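A, B, C, D and E label the chains in the order they appear, each numbered from 1.
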Amino acid sequence: MATETDHTNPAVDGSELIRFDQVTKRFGSNTVLDNLDFSVSSGKHVTLIGPSGSGKTTILRLLMTLIKPDEGTIKVDGDYLTHEDRAGKLVPAGEKHTREVRKKIGMVFQQFNLFPNMRVLRNITEAPVNVLGLSKDEAETRARELLDLVGLGDKCDAYPTQLSGGQQQRVAIARALAMRPQVMLLDEVTSALDPELVAGVLDVLRDIAHTTDITMLCVTHEMNFARDISDDVLMFDSGRVIESGPPEKIFTEPEHERTREFLSAVL
Amino acid sequence: SRVSGSGAKDGGNLLERLRSQGTVRLGIAGEIPFGYIDEKGEFTGEAPEIAKVIFKRLGVPKVQPVPTEFGSLIPGLRSQQFDVVSAGMYINPERCAQVIFSDPDYRMRDAFIVRKGNPKNLHNYEDIFKKKAKMATGTAYAEIGYAEDVGIKQSDMLILPDQLAGLLAVEQGRADVFAGTTVTVHNVVKQRNSQRAEATEPFQAYVDGKPDIGAGGFAFRPEETKLRDAFNVELHKMKKSGELLRIVRPFGFTKEEMTDLTAKELCS
Amino acid sequence: MSWNWDVAKDFLPELGKGLLITLEATALGSVLAFALGLVWAMAFRSPTRFVRWPVAAVVEFIRNTPLLVQLFFFYYVLPTWDIKFSALTTGVIALGLHYSTYTAEVYRAGIDGVPKGQWEAATALSLSRGRTWIAVILPQAIRRVVPALGNYVIAMLKDSPMLALIGVVDMLQKARAEGASSFQYIEPYTMVGIAFIVIAYPASLLMRALERRLGH
Amino acid sequence: MTAGLWENWLLPGVWITIQLTLYSAIFAAVVAFGIGIARTSPLWIVRFLTGFYVEVFRGTSALVLMFWLFFVMPLAFQYQLVPMWAAVLALGLTYGAYGSEIVRGAIAAVAPAQREAAIALSFTPAQRMRRVILPQAIPEMIPPFNNLLIELLKATALVSAVSVADITFAAQLSRLATGDSLEIYAIILVLYFVLAFVLTRLMRLLERRAKAGIGQAPVKSGKGPLITRKLSARQEAEQSSNIITAGGAQ
Amino acid sequence: MATETDHTNPAVDGSELIRFDQVTKRFGSNTVLDNLDFSVSSGKHVTLIGPSGSGKTTILRLLMTLIKPDEGTIKVDGDYLTHEDRAGKLVPAGEKHTREVRKKIGMVFQQFNLFPNMRVLRNITEAPVNVLGLSKDEAETRARELLDLVGLGDKCDAYPTQLSGGQQQRVAIARALAMRPQVMLLDEVTSALDPELVAGVLDVLRDIAHTTDITMLCVTHEMNFARDISDDVLMFDSGRVIESGPPEKIFTEPEHERTREFLSAVL
């Protein structure tokens, strides 16, 4: 998985879309990721599993540039994420470069993080209009389509606080999709929800996984869901990938003792 | 402490008390040249210097300055913050209703601070009124009354805390003219060595169409007539001997400013 | 107590004119304080300490020194630097600047109260920094600080009489002028005092009501 | 600035400002505790009157009150206070009203169960207040009181308007004497800042001792701006006084 | 139990010490106690049991005069608690009368409610010195004895916050005993404690119950403890005593269906 591929047409299905190269991340003296290498091919749905504190969220936050790696580089679609290639030398990226690369990534958070001061529709159109430069009409048409997709066509004018958690999360998914990202990051998107609301959100995600060719990087504890949608499952422990493979293999005949332990605890 | 009842009809005993204390408190208003604190932090001025001499002769060796705002002089005197107003205060009927005055120790006409070259050609209050110039003067100055007499509304005037603020206001164009007594305005222009403003020639102000004589003296509480009379006696002696002019000459006063008017005339 | 209704009646129109100036100074001062305070609060959040530290130092200094002295400073010093302002303008600037150091803290609390997830969501949507402030953070922050800001308006109202000391003809200055020229003190000063209570009390009741409504 | 101006006016002015702050603070503290405690009285009339007092004095401007005491009182009541005491009275009454809200808020913040425990031990209402409630409430009052004290220090500058020769008044005289505004005002702004800094430090010390006195670990000052007026303290002040105060009444 | 007894020597063992007479207590429209009659004889240990919200705490708080009854009267040791007998007419009691009667009652709270601003010793001596007028020395001697009794002789100089919950509760018991009350009210004194600290507190109470003749009125969910120390158990439901009797009877052959239900749920 970690071999160099052709960069001339990087978004083509099957090519390498995300690449972590010797990435180290520390919080104080706590080394959370230790010289991590891993990559995700375009169009794939990859699930990260592993015990709490193993660094799954950290990977997503690095990709979203919410935090910066201490060492190593991250490439997205062939471009360095936190570095710039200036005359052959890697220098820390400027805000503008980062924003450009980051546009290819969308993220859905555990806590939804909808903007409470905007109605549902504007939550979705705000970024397309101001970042992608879509006209208001275009953005609204796109937003309405997405809301239909997540089954909330009638909630355009509601404020987030007027929605249930499950509905809010579905709006958050629509909001992320509205930016037409090449890759979606999903960090335990159902774990803040009441149990009866989980299914609705997972159904929407399944739908998206099966009907679009968007690349997905999910952290989840919903193993059934992971099995359903994943092309690859990566098992993390202590900031390293200790095992990876298609879900049928990982879930049924894991190689590592640690994976077995973990799965027997969560399944 | 209670305000001593103004009922005392016997002329008061303040002078005796001052003699036994050895100190008299003088109310001054921080107005050059009448009474002010100089650069060395010492208090001086035309009025305090006269008061120092006279009180020494009356048997009160020490004088203590109580600087205050001009507008607080009369209330301060009445409420015993100090014993004498020694700020070159003009004597006029309104004030005479509140306090009693010594005979005036100087008389003076008004003058203006204007921008260099007097571009609006302002020489008296009528000029200000006619040319709709922006006039400034000090809080509670008598000049407010003079200006009102020719029709300038008090609400159109810029009332400033002191002459230094007045000079700056004229220099900066916030006002066209600052009105004050001749010596005050000449002094401040000289002190600041102003490049952008100048003082006009003195002129006569009018009230009710009659020339108003601006003459200033020392104010006492109404019941303290004995002290006032004793003070007057010494003042008259100094006027006669010419000692008065000698004392005040360093503050910019000339023979022009000497007067034989009495408080009685000015109060009516 | 020798209250004279005639004096009171004569002073009433003057009081009215002074009141207008008082309200004008308060209103303009508030606008300035609200705007500047926001600038300070955003500067506190600046990514570079070369902005944060100097701003913090200046704000601390202004907040811990008397408004009155600042007023004199601006009134007497600015002209020597050839900056010309009327007394009212000078007063509004001093009032606004002084109170901006208080409103800055209010905004800061409001901004800190916006959940971190909101910043992260804005980053995840690639919103620019300016857009994040304008569309996401400030609308949420300002809503909760409105009552606190309102309280500072009332405080400014009560501080506005200081402007009289640099010659702004507000209510207090009207009373001082009346006292100095006619030696009538009782009625003008009492009326000014009552005027302040009559304005400030309902205003603070209003703020408390607002606080309750925006409570959550 | 000449030595004479420093010696005769500015330094005595600093001393006057310190005295004023001290006396006003003591007076305000007495008012604050008196009114603040009275506002918890079971008698409605006491609560009403003290509430009225607070509203009136939070509503007035301290400067207007000072002028009133200085100019109107002598005429209206034939009673004259020397300017210094008129100033202390005005500042004390006003800041006492603000302080009473802090006292009331801190008393209200003591757990009701403490009151109940004291009732269960048959303490009289006065004993409950003195021995149980206040000792717990006072440490909580110190940070907001610190803020109020700085406001009070700043407000003492107002006394220059009624001719008390404090720092600000000395500055006015010096300005007239030298004609130089920048230097003198810059100097006294710094003087006020230093006084504020020293006061804050002292209050900090007091806070630490008070907290230690009830078995709580002293709070670490942590980050916070250089002069220590923590935001949290400000918020406490705001909450407990329900309404501003900061800068409130000058 | 609710008959009038001789008042001339009311504190004698076996005579009536507490008497509720037609007591009604409402909170808003919620009638918590409804014409309640009940009495406790001197020297007895009585336990109140019953479901949550049945009014047990309300009874103790009425006795402690923390709240006032809406109707009816309460007598303690023959004196009206919230009323005064003035010239044959019952009038609401003044603060002073109430305090006098209340001195006979001590209370231990669920949340201990020690005074955090006083050291342990002063927590105990404060009331005896200031209310009973004991000298400081007397009070301290008494306090040290009581601290020994509850097993905390070495904690005189600690502040409450430096003690564990169980230790704090034992100090609270000592503090209540220091006033030499005729009756002690105990409201779920162990339910705020970590399980491993409960035993220590109950042991102290058992000790006191068995070695002194103090009257005790306990609300507790510790049925074993109730069985151990109670002379009488009163079963409450909806503000009424629905059943009462010695613990052997109540716990083994309760008459009422409601009691049976309750006991099967808590035992």
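The rule is short, and it goes like this: contacts are C-beta pairs under 8 Å (C-beta built on N, C-alpha and C of every residue); 3 or more make two chains touch, one makes a residue touch a chain.
Because the structure is a prediction, the values reported are computed rather than measured.
S.K.: Can you list every chain in contact with both subunit A and subunit B?
M.R.: C
S.K.: So which chains count as neighbours of both subunit B and subunit D?
M.R.: C
S.K.: Would you mind checking the shortest number of contact hops between subunit B and subunit E?
M.R.: Graph distance in the chain contact network comes out at 2.
S.K.: Two chains share more C-beta contact pairs than any other pair here; which two are they?
M.R.: Of all chain pairs, the one joined by the most C-beta contacts is C-D.
S.K.: Roughly how far is subunit B from subunit C, centre to centre by C-alpha average, rounded to an integer in Å?
M.R.: Here subunit B and subunit C have centroids separated by 38 Å.
S.K.: I'd like to verify one number: the distance from the centre of subunit C to the centre of subunit D, where each centre is the average of its C-alpha atoms, in whole angstrom.
M.R.: About 20 Å, centre to centre.
S.K.: Compute the distance, rounded to whole Å, between the mean C-alpha positions of subunit C and subunit E.
M.R.: 57
S.K.: Taking each chain's centre as its mean C-alpha position, how far apart are subunit A and subunit C in Å?
M.R.: The answer is 47 Å.
S.K.: Among all residues of subunit A, which ones touch two or more of the remaining chains?
M.R.: Counting only residues that touch two or more other chains, subunit A contributes none.
S.K.: Show the residues in subunit C shared as contacts by 2 or more other chains, in ascending order.
M.R.: Within subunit C, the residues that touch at least two other chains are 76, 80, 165, 176, 179, 185.
S.K.: Would you give the residues of subunit B that are in contact with at least 2 other chains, written as numbers and ranges?
M.R.: Residue numbers touching two or more other chains: 75, 161.
S.K.: If you go through all the chains, which pairs of them touch?
M.R.: Those chain pairs satisfying the definition are A-C, B-C, B-D, C-D, D-E.
S.K.: Using the touch definition up top, name the residues of subunit B that touch subunit C in the complex.
M.R.: Per the touch definition, subunit B meets subunit C at residues 70-71, 74-75, 94, 97-98, 139-140, 144-145, 154-155, 158-161, 165, 168-169, 171-174.
S.K.: So in the complex, the part of subunit A that touches subunit C is made up of which residues?
M.R.: 64-66, 95, 99, 102-103, 105-107, 109, 111, 113-118, 126-127, 130-131, 175-176, 179
S.K.: Per the contact definition, I'd like the list of subunit C residues that touch subunit B in the complex.
M.R.: My answer: residues 17, 75-76, 79-80, 82, 84-87, 165-167, 169, 173, 176-177, 179-183, 185.
S.K.: Would you pull the subunit B residues touching subunit D in the complex into a rising list?
M.R.: 1-3, 5, 30, 32, 36-42, 66-69, 72, 75-76, 78-81, 161-162, 164, 191-192
S.K.: Please give the residue numbers of subunit D that touch subunit B in the complex, ascending.
M.R.: Listed in rising order, the residues of subunit D that touch subunit B are 2-9, 70-71, 74, 78-83, 161-163, 165, 169, 172-179.
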